[in-house]
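Take a look at the structures listed below.
You will see two complexes here that share chain A, one where it goes with chain B and one where it goes with chain C.
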Partner chain A sequence: MTFEQIFINLLNGISFGVILFLLASGLTMVYGIMGIVNLAHGALYMVGAYVGWSVAIQHGFSYWMATLTGGIVAGFVGLVMERATLRYLYRQINEQVLVTIGFIYVLTNLTQWIWGPRPRAPFTAGMLSGTIQFWGCSYPIHRLTVILIGIVISIAIWWFQEKTRIGAMIQAGMDDKEMTMGLGINLNRISVILFFICSFVAGFAGVIGAQLLGATLGQGFHILGLALVVVIIGGTGSVGGALIGGLILGIFDSFINALVPQIGMWAMYLIAVIVLLVRPQGIMGGRMK
Partner chain B sequence: MKKNILTLIGSLFVAFVLTAAPLSSVGASEKPLKMGALMDFTGIWAELGDRVYKGIQLCMDQAGWKVAGRPIELINEDAASNPTVSMHKTKKLIDYDKVEFLFGPIYGTSTVAIAKYLQRRHLFFMPQGTQDIGLGKFGSAVTVWGTSQLQFIPLGIYLAAKKGWKTVTLGATDYSGGHKYLADLQNGFESKGGKVVQKQFFPPRTVDFGPYLTKLKEADGCMVWFGTGAEYANFRRQYKEFGFLKKMPLGTIMGGAVSESDLQEMGELGVGTIGQNTWVLTRDTAINRKFVDDFRKKYGRDPGAFDAMGHEMASVALAGIKATGGDTNPKKLKKAILGLKMEVAGGPLRFQPEGFGIRNAYMCEVKKVADKYRWVVDYVYPDLTYTPEQFRKLTSKK
Partner chain C sequence: MVATTLESSGRLQKKNIIRFAPILIIGIILFILPSFIPHYLVGLFTLTFIFAIFAMSLDIVLGYTGLLSIMHASFFGIAAYTAAVLMVKMGINSFWVGFPCGILIAGILAAIAGVVLLRVHGIYFLIASLCLGYMVYSITWGWDYLEMYQSKGIMGIDFPGIGIPGFTFTEVSYCRFSFLLFLLCFYLLYRFVNSPFGYSLRGIREDEERMQVLGYNTWFYKFAVFIIGALFAGVAGVLFAYCNTTVEPEHLGFSYSTYAILMVILGGSGTLFGPPIGAALLVFLEFYTGIVSPERWPLILGLILILTIMFSRGGIGLHLQRLWKKVLPS
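Entry: the complex of A and B
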């Protein structure tokens, strides 16, 4: 493998890893803070991707409008899920798993009903559809944009958690739920806001990810599997862990597919098994939240 | 009194016989023909299942939902792109719905799963693609599509002989069909002196082709196989982004998977795509024009190759059942279908003794025609009739 190939694969891996981070960050926050295993998180990603496609391609609005709309629609769908069912299932992991798996089927079938079974090809903003040159190799601008967006979102989530009053309340709720409620903080309302934000990020990630992955009906399950691996690698409840896990997985996936594509389908799940055996709490689990 | 009772019973019996006889004879001639449609409406082949089913429905509409005097009842089930589900739904269609004929499934692996069971239950079926299961072994099946050899060996020959390519790099989804389709194309290409410089296989559901494109070897052209148009569009876009489209042309081995809707969505990006088709929208025959017009009226969009395939499957089924006078006995039906020579939307169609369709292979290129992006025929290999022995000779090289 030449230096150019290594560099391009590294960029490919980082851009894919950023999408995994965006997806896993919401999943890990909802679990870490609210104790909800939301397996329908991948389905919210899919909903965001399809809504974004409708806005940008079907109706011709700007791509940035599509990212916002995809995020908002997924946010509200998540809110309905939380208010209708999940709020009655706190601390009931088995029931949460069953209900959220059910939501994957419901959302997938609703999506098929609305948009039909045809997968949607990747789409991006017109200004991002060009390429730039590295050592004589062409490289798509939108992939670099994905990396840039990932950096911005990471900083935004860090700022939200560390520098805002709501972020402080969320962290307090994570550390000691009873004490936080005893201080008069309405943790129920905070949970609703948090669930909306995490669902919004899933839908937003769906439109950002659609630049590389398009929109398909199978994403509800497929992308969820990858997001769970990211959470296992990074550690539950840790946004920093999700970032590290996403990047490790994205880069690993890129190089494995370039070097040994025969094992590309399952190699990333092998990492999850190794991490579970060696460090079950994940890389950042138990240290940084 | 006793005599009166006996007279009454006798009269009732005679009346029953007199009224029941014509009733039962009416029942036999107009007994509804229950046809099953085991289509993949969900899962990875959902798009194709939906398209084939729409084509079947349109054909039934055109036939007035009647054949050989029997009203048709079409019962659909979702095979879910899953062999286990396919088997379960097949049993339901046979035992509960009592279907006499089965369309589908789409997914070849599901076809393999249910073929022996259908044979045992003496049910005639018409899957979409069956080249890997030795269709000839199953006396009660035919496929209008033909075989991958019939379609993709000519494509290889076309690329070498007509396009003048000396070398080609190939790629496909990593499953049994993907491997077979590349081998078929390779056989045709190498039979005319061409050389395959690279074969890459992408795990199913691959969406980021960056890792594969970084090690793509240069050749006179690149041909890939994907089951859906969205996958091809995704690959083509990344192929262009990595700077290959300027260096070597790209084609899709199964052009039919890239539908008219996919072409419009791809726009200028799709122009120049080379591919093989069994049907093209612009084919100017009365039957194809009627199919396209009726399809647009019914569904409000242009049909694609898989919509046409569904229409062809139903056309053949109805012609066969008509020839047997409404009898769906598998042996009689297969004999009747093998004897058919008919014009369908994709062109002339007849069958090999094994049950594979013999038909045209259209070598096409995507061009902009009157503000629409269309598959335009460049060359036709008509009425392909390779015998199984010829295929075996060709494929034994690999």
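Entry: the complex of A and C
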């Protein structure tokens, strides 16, 4: 492997890792405060990707419009899910998980109904197509943009959690639910807002990720598996863990696919197994429940 | 004194006969029925018996022990693959080789998976089982040896030879054979869940910490039930491979795990007769949906799953149990 190849694989890995981070951060935050493992998170990603495709390619609006629309649609789908079912299943983990599995099927099949079984090719904004030259390598601009967006979003999440009032309430809720509610904070409303935001981020990630992966029906399952591996690696309830886990997994995935493509499909899950055996609580050591 | 004992034991026997009479009648009907019904129904009945075994095997893990494992189809599928590879690739078509080998491989996989999974609890167990299931699926998907004619899966599996001269399986006799194996599995699992071991599993489901305080090695109990569940899933998998003629990666993937979970939930988890009812419902529903609109089946499946969880948590088994107690107050 030459230096350029290593460099390019590294960048590819980081850009893929950013998308995984966007998904896993939503998963882990929803789990942290609401105790819900939303397995339909991957399906929300897929919905976002298809909606984004419709807006950007079918109707010819701008790509940024598409990211926003994809996010909002996924956010409202998530909101409907939460209001219609999940809020009645507080603290019943198995039931929550089964309901969200049901939603994977429903959302995937509805998407197939609306958009048909044909997968969509990757698409991007007009200004982002093309490559950039540096140090003798050429690299597609849209992948760099993904990395940039990832940096912006992780700063935004950090700012949201550390500097805003709602963020402080969320952190308090993740830390000690009863005490927070005892202080008169309406955790129920906070949860709804958080669920909307996380679903929004999932849909947003879908449109961002569509630049690299396109939109396919299988994504609801496939990307979910990777996001869960990120959660296992990073540990639940910590956004920092999701960031580290996402980057590790993205870079690992990129190098494995370049070096030993035969095992590329399942090597990521092997990492999850190793982490479970060596450090079951994950790298950032969230609480075990 | 003696007379009363005799009388009461006589009454008991009579009650037992009344209690088992419906089961016996249904059993005899199901045993004779395959000779008289149309071809496609025989196939559906066979599938029902196979999935009933599969669902019961998940029920002792999910319903009795409370471990929500989303990789149960891996054991089902790997046993099916073992039987298929033995028959198609290696040319061994004896049932007495394929059957134990399939179950054994399923058990070994469960032992490996159990060591990894049981390091964590609760929600983590669930996520980890999902990831392991994906891993098994991806390995099967990517393995060239398990492909035929440039497509995933192994085709051309036939009914096995059973070693009795002059006897070959037909659809009808295979249906009966699956029914007998289903009865056997039901009996074994019935004895299992009503043994002290089975009661300890229920204890773990209700309160694991208390069981630990009482001196139970809960890890071992969970590990054992995980493997036993996988062995019975293996029985179903081998039977499935022989009657389905093809085995595909889908059979050890997420969708088959969900099928099994839905059968258990729909029928009633934590009862042994519920999952077979759930299995029958789903198999027949899928068939008749397939006639009307096969593309919408996952939508219906998802809606059934959501509605069952939201409105009928105990499943059909709970209602049947209540009815049973009303009809026969003991």
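Going forward, the second predicted complex is superposed on the first by the 283 of 289 C-alpha atoms of A that agree within 3 Å, B and C clash if a C-alpha of one lies under 4 Å from a C-alpha of the other, contacts with A are read in each partner's own complex, and residues count from 1 in each chain.
Keep this in mind: contacts are C-beta pairs under 8 Å (C-beta built on N, C-alpha and C of every residue); 3 or more make two chains touch, one makes a residue touch a chain.
Treat the numbers as computed from the prediction; the structure is a model and nothing was measured.
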Does chain B (first) or chain C (second) touch A:265, or do both, or does neither?
-> both
Which holds for A:138: it touches chain B only (first), chain C only (second), both, or neither?
-> first
Looking at the overlay, does A:101 come into contact with chain B only (first), chain C only (second), both, or neither?
-> second
Should A:112 be classified as contacting the first partner (chain B), the second (chain C), both, or neither?
-> both
Would you check which partner chain A:252 touches, where first means chain B only, second means chain C only, and both and neither mean what they say?
-> neither
For A:120, decide between first (touching chain B), second (touching chain C), both and neither.
-> first
Now for A:93: first (chain B), second (chain C), both, or neither, which partner does it touch?
-> second
Show which residues of chain A both chain B and chain C reach, each in its own complex.
-> 108-109, 112, 262, 265
Within their complex, state which residues of chain A touch chain C.
-> 31, 37, 39, 85, 88-89, 93-95, 97-99, 101-106, 108-110, 112-113, 221, 225, 228-229, 231-232, 236, 262-263, 265-266, 269-270, 272-273, 276-277, 280, 288-289
Which residues of chain A touch chain B in their complex?
-> 1, 5, 8-9, 12, 16, 57, 108-109, 112, 116-122, 131, 137-140, 143, 212-214, 216-218, 222, 253-258, 261-262, 264-265
In the complex, go through chain B and note every residue touching chain A.
-> 41-44, 46-47, 49-50, 174, 200-208, 210-212, 214-215, 228-231, 233-234, 237-238, 241-243, 259, 261-262, 265-266
Contact residues on chain C for chain A in the complex?
-> 66, 68, 70, 116-117, 119-124, 126-128, 130-132, 134-135, 138-139, 141-142, 254, 258, 261, 265, 295-296, 298-299, 301-306, 309-310, 313
